[in-house]
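Each of the two complexes below includes chain A, the first together with chain B, the second together with chain C.
Up next is the complex of A and B:
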């Protein structure tokens, strides 16, 4: 194993062409991360034809560059525009955007970049450690465990919402939207209204673009002026970014717990980065002593989700490499790239091409560091976005958003969906309903429902089966604990008061 | 990628306006619709096939893969069906995946038999699999099992239909088997079998090969006329006395919109035939683990009718096993 690592290392760094591919991947990854709706999957698909003439390892380096960089770019948009550049950056908006409004965007970007690097290293290190036993881990998660995982996600969602009633309403709307579409197991169409577009259910990307990007522009339109309220001087000093780096290191506990959550959730196929980042955020809120600071520009609210975002890449490679089961949309495309180059992802790849896998791990690592440095430097210029007058910013962002929504599936329906959710998002901001709660419920809905149905088919209708599956039992206990934490804290406080 | 497709489409439009046509085909780039998302089997096939097809059609022409996923492949198929039959919009199609909705009585916006078929690229037979640690070593053992749980992709898919037809032909329906459906794709379904969510599944052979090589799964029998080169020791269903299962397979064929000019269709078919004999293409296809099984346009078209009559025959067995 160590030999393969060394060969991979010298392969990556001894050839200028390879470093060029890496840099190209990183630049494209950051750009596609920044523009809402494009994301890593689109970037990989775009550069795929370029790889035809390359050696498989070179293609892997290029793709690794994209995958390692894309969420770093997405974080910038989340912080500056309150719009997740890629879906997993959604949770970063919570505290990142308030920081921008306070004129601390440079600090937020610095913290995000640092979390990105440390989280990424953690995820990849874990990946390297568990690769030999990766198969076992993947096999822990059957339908009952997936159901309990979704339940855990929904539980922590309600617990961490500021206003529980509004949080619950938003979650219910999210669940309702999640039911729309063709039910693969039952074989029926639900709430499609006979419209073909609705058959596949609502795609998460146009929903996010609508709820965040477009809604935010409507808010800005009503308010007027520019995004940042902290004066008009478009000054970011290098010290701001440095302060963010320091803040990330100071909150190392938040950073590490975010990395652990990201790696674990990332390794479960079909759950994905949105859930990882969100769980990490809500964990940070729940375990902090001063919860009320979150959502108003707490730097920990940027660190937690961004650490999870980057560490999940290492995690999601576990099922991808061990079984050829993609952990995310980018991974699905990356599998396509491997297949085109004659590498069949799955159990045999681990045995036959260890060194190729190390090339990927090293490329990802280099890309994560490189992209963090890039966004810190670019922050100097990008932060000016927050000071652009709304008359220029609004039409540009809306145009980019709608094109981005359309581009996901070449579907005009997605553009309409983005517009609809833009309106809904605006109303939610106006009447103070949490948008992210809706998104998470929407993401978890199909996971939860499908795996519940599958579990019940497996158990022959006997629900006690959920408690006979070890993983499922552990996850259920976590949900129970998450629900009882506020109660315990309350009792503790009462006890202290007496 | 769609972004670039758009850009390129725009460029093509602009260049199309300025160039004077001397009537010969092709003048512009050709779009090849993949009715599924990027990264899957159909996507790979087109990405390998497209550059060679472009070369054999003319100099300076590009065949652009265009993913139009949605409604289980029906959206992309309908897009090609409605396109102008000028040869600039072609597509790759799934058999029996696109036949099944019609057989199952669902509304579709295309008529496969009307498309202008250019040729079949691939055909894959199915293999029946159990866990390598299981005590089921043959189809006979399987038939002797008391409890059978099939793991499968969702209702309306080719894999579930194959499982249902097999269950009926092998006389397994009397055991009241469980159909654990809803897995995302064939790989998910194989991992579910390795995990033990159920005890048997059916999969296109190429996806299953490495799970057998890695010692996780055991093949019991294959469909098709001949034994598979990957599993020379595994019998065909015909050998075991179930010839009714021989025609079960998945095919990937290329076609254009209905009503294509016969001269144009001939030109496309000839280019297709040359690709299928091109050693460069065959090498790239082998590397991407494609199962190249070429058929010319007429015979590819005949497969549509064969598929319809085969699946119509089993229509009664293909209802949703988990209907609520």
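Up next is the complex of A and C:
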């Protein structure tokens, strides 16, 4: 393991091109984090075509740069504009913006940046410790258990999407999109409609670009005006940010508890950053002796959610890398990057390409530190991006998105496919069908089908075999529990109302 | 999690659910035509899909029958939104057609200029600057740095 770490370290830091990719990822991550509504998933979708000519590790460095920086950018808008740049930054608004109103914006940014770095280090350190154990555990999993694990990832994410029924419907759509193309196992063409373009299946890049980048631009077009309406005249001085750094270190207990919560919650597929940040915030409030200070500009109200926000990345990489089950939209897109570069997450990746995983860990770590320094220095200027009129942003992003969709396979059909999925993504936002479950189902489709088919062959066509395998049964029970939670909550509410 | 900020009437939500149901049934029927093992998993998922969509249709039917009258109506602001949505997609279609005919290097400046001038009402100078800047950016990034071949359009020999 130590050898792999050293190889990864020298790979990342001895090549100027790799450092350039990392810096590019960080800059893009911060910018997309700052612009409310865009976030990491859109940034990854947009930059995905650029990675096609790169070595897999270089693509990972670029994506690591984005993932490590996006929440730092989101914290800037949450603190200065009271508008969370990304959804998990929402909890930071509670105390971040009151601090800005009190003229302590620099202090809040400094505390957020420090929490970002320490939380991130904690999450990645945990990932490094857990991966060797996960490597052993994952080898116990047979096809039935892998199928059930993918099902668990999908169901728990569906439950957390806020609308279980529509989440499941979107997941079914995602699976059917995954079925499109020539099936090598059965030797049959599926859902191609006789169109040659569909023969190889739908390329994941235009699907992701459409669902995220183009759909988001449509949302902005319909909304109109500037991206952020809120205004702030706050000054962010570098000396003030140092006060924030000191405050974060002084409140180390809050910082560590936030980091632990973020890592644990992040490792559960589907629960995600929003829950981690709010849970961490509420834990900080509950364990505090002076609860009344929260919501009025308490620095701990910035430290707790931001630590959780960043540490969750390390946690969420555990199921993504070890089992190939992504826990969030960002991780699903990241999985798409790995698949595009011929890397299949799961036991073989852990065994055969350990150094690749360390490249990712180091890239994330470097991105977290770099983005923290960046927001401390330039937050005041960066936040102005959120005032850009959307009419300037929209045509440029759409044009670049469609060129990107085309470029991967030099296929104009991919540009048309991206536009189609842009329409689908917009309609899903419009009618409250979560896109994230569709994407995760699409990414998991081949894994699920392969393991389902192998299991059915193993069981001689008897589906009850899934319940005779212990690991599979435990995972199925977890899925059933996850799905029944909203129903129990609904029945409880109804009972209470009566 | 992501949620639409646009109010959706029960009627339109029901129509969407019905359309998804039709699609789910079609996908399920098509899955029975697949030979060998190719249809096993699509058939399993197809049944789940049809079942879930049926529940969604029933939920919306119930909401339409018992829901508040105001939710079912179609307001003027909804019409404005729909109009904006149609405009938004027509701009994307315009871009695709322009690219298909003339390629990216002509399609991009044409689309950006037209969008900023006609949709955003920007000045001639601003439109020209943005159109040229975006085209140069795409050319340098995709053609020069990444060495991708950019589509030239059917009119110019693609």
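Here, the second predicted complex is superposed on the first by the 277 of 498 C-alpha atoms of A that agree within 3 Å, B and C clash if a C-alpha of one lies under 4 Å from a C-alpha of the other, contacts with A are read in each partner's own complex, and residues count from 1 in each chain.
FYI, contacts are C-beta pairs under 8 Å (C-beta built on N, C-alpha and C of every residue); 3 or more make two chains touch, one makes a residue touch a chain.
Remember, it's a predicted structure, so these values are computed and weren't measured experimentally.
**Q** For A:188, is the partner it touches chain B (first), chain C (second), both, or none of the two (neither)?
**A** Both partners, chain B and chain C.
**Q** Contacts for A:142 in the overlay, against chain B (first) and chain C (second): which applies, first, second, both or neither?
**A** So A:142 only meets chain B here.
**Q** For A:486, decide between first (touching chain B), second (touching chain C), both and neither.
**A** Neither partner.
**Q** Pick one for A:407: touches chain B only (first), chain C only (second), both, or neither.
**A** In the superposition, A:407 contacts both chain B and chain C.
**Q** Taking the superposition as given, does A:332 touch the first partner, chain B, the second, chain C, both, or neither?
**A** First partner only, chain B.
**Q** On the A-aligned overlay, A:465 touches which partner chain: chain B = first, chain C = second, or both, or neither?
**A** In the superposition, A:465 touches no partner, neither chain B nor chain C.
**Q** Taking the superposition on A as described, I'd like to know which of chain B and chain C A:341 touches: first, second, both or neither.
**A** first
**Q** Quick check on the superposed pair: does A:295 touch chain B, chain C, both, or neither? Answer first, second, both or neither.
**A** Neither chain B nor chain C is touched by A:295.
**Q** Which chain A residues come up in both lists, the one for chain B and the one for chain C?
**A** The answer is residues 52, 185-188, 403, 406-407, 410, 453 of chain A.
**Q** Along chain C, where are the residues that touch chain A in the complex?
**A** These residues of chain C touch chain A: 1-6, 8, 12-13, 16, 20, 24, 27, 30, 34-42, 44-45, 48-49, 52-53, 55-56, 59, 81, 84-85, 87-89, 91-93, 95-96, 99-100, 104, 108, 111-112, 115-116, 119-120, 122, 130, 134, 137-138, 141-142, 146-151, 158.
**Q** Going by the contact rule set out above, which residues of chain B touch chain A in the complex?
**A** 1-6, 37-40, 43-44, 47-48, 51, 66-72, 74-75, 109, 149, 153-156, 178-182, 184, 187-188, 190-192, 194-198, 210-211, 213-214, 216, 287-289, 320, 322-324
**Q** Spell out the part of chain A that touches chain C in their complex, as residue ranges.
**A** Listed in rising order, the residues are 50, 52-53, 87, 160-162, 165-166, 168-169, 172-173, 175-176, 179, 183, 185-188, 190-191, 214, 218, 221-224, 274, 389, 391-392, 394-396, 398-400, 402-404, 406-407, 410, 412, 415-416, 419, 422-423, 426-427, 429-432, 434-436, 448-449, 452-453, 456.
**Q** State the interface residues of chain A toward chain B in the complex, per the touch definition above.
**A** 38, 41-42, 45-46, 48-49, 52, 138-139, 142-143, 182, 184-188, 196-197, 199-200, 269-270, 323-326, 332-336, 339-342, 344, 346-348, 351, 403, 406-411, 450, 453-454, 457-458, 460
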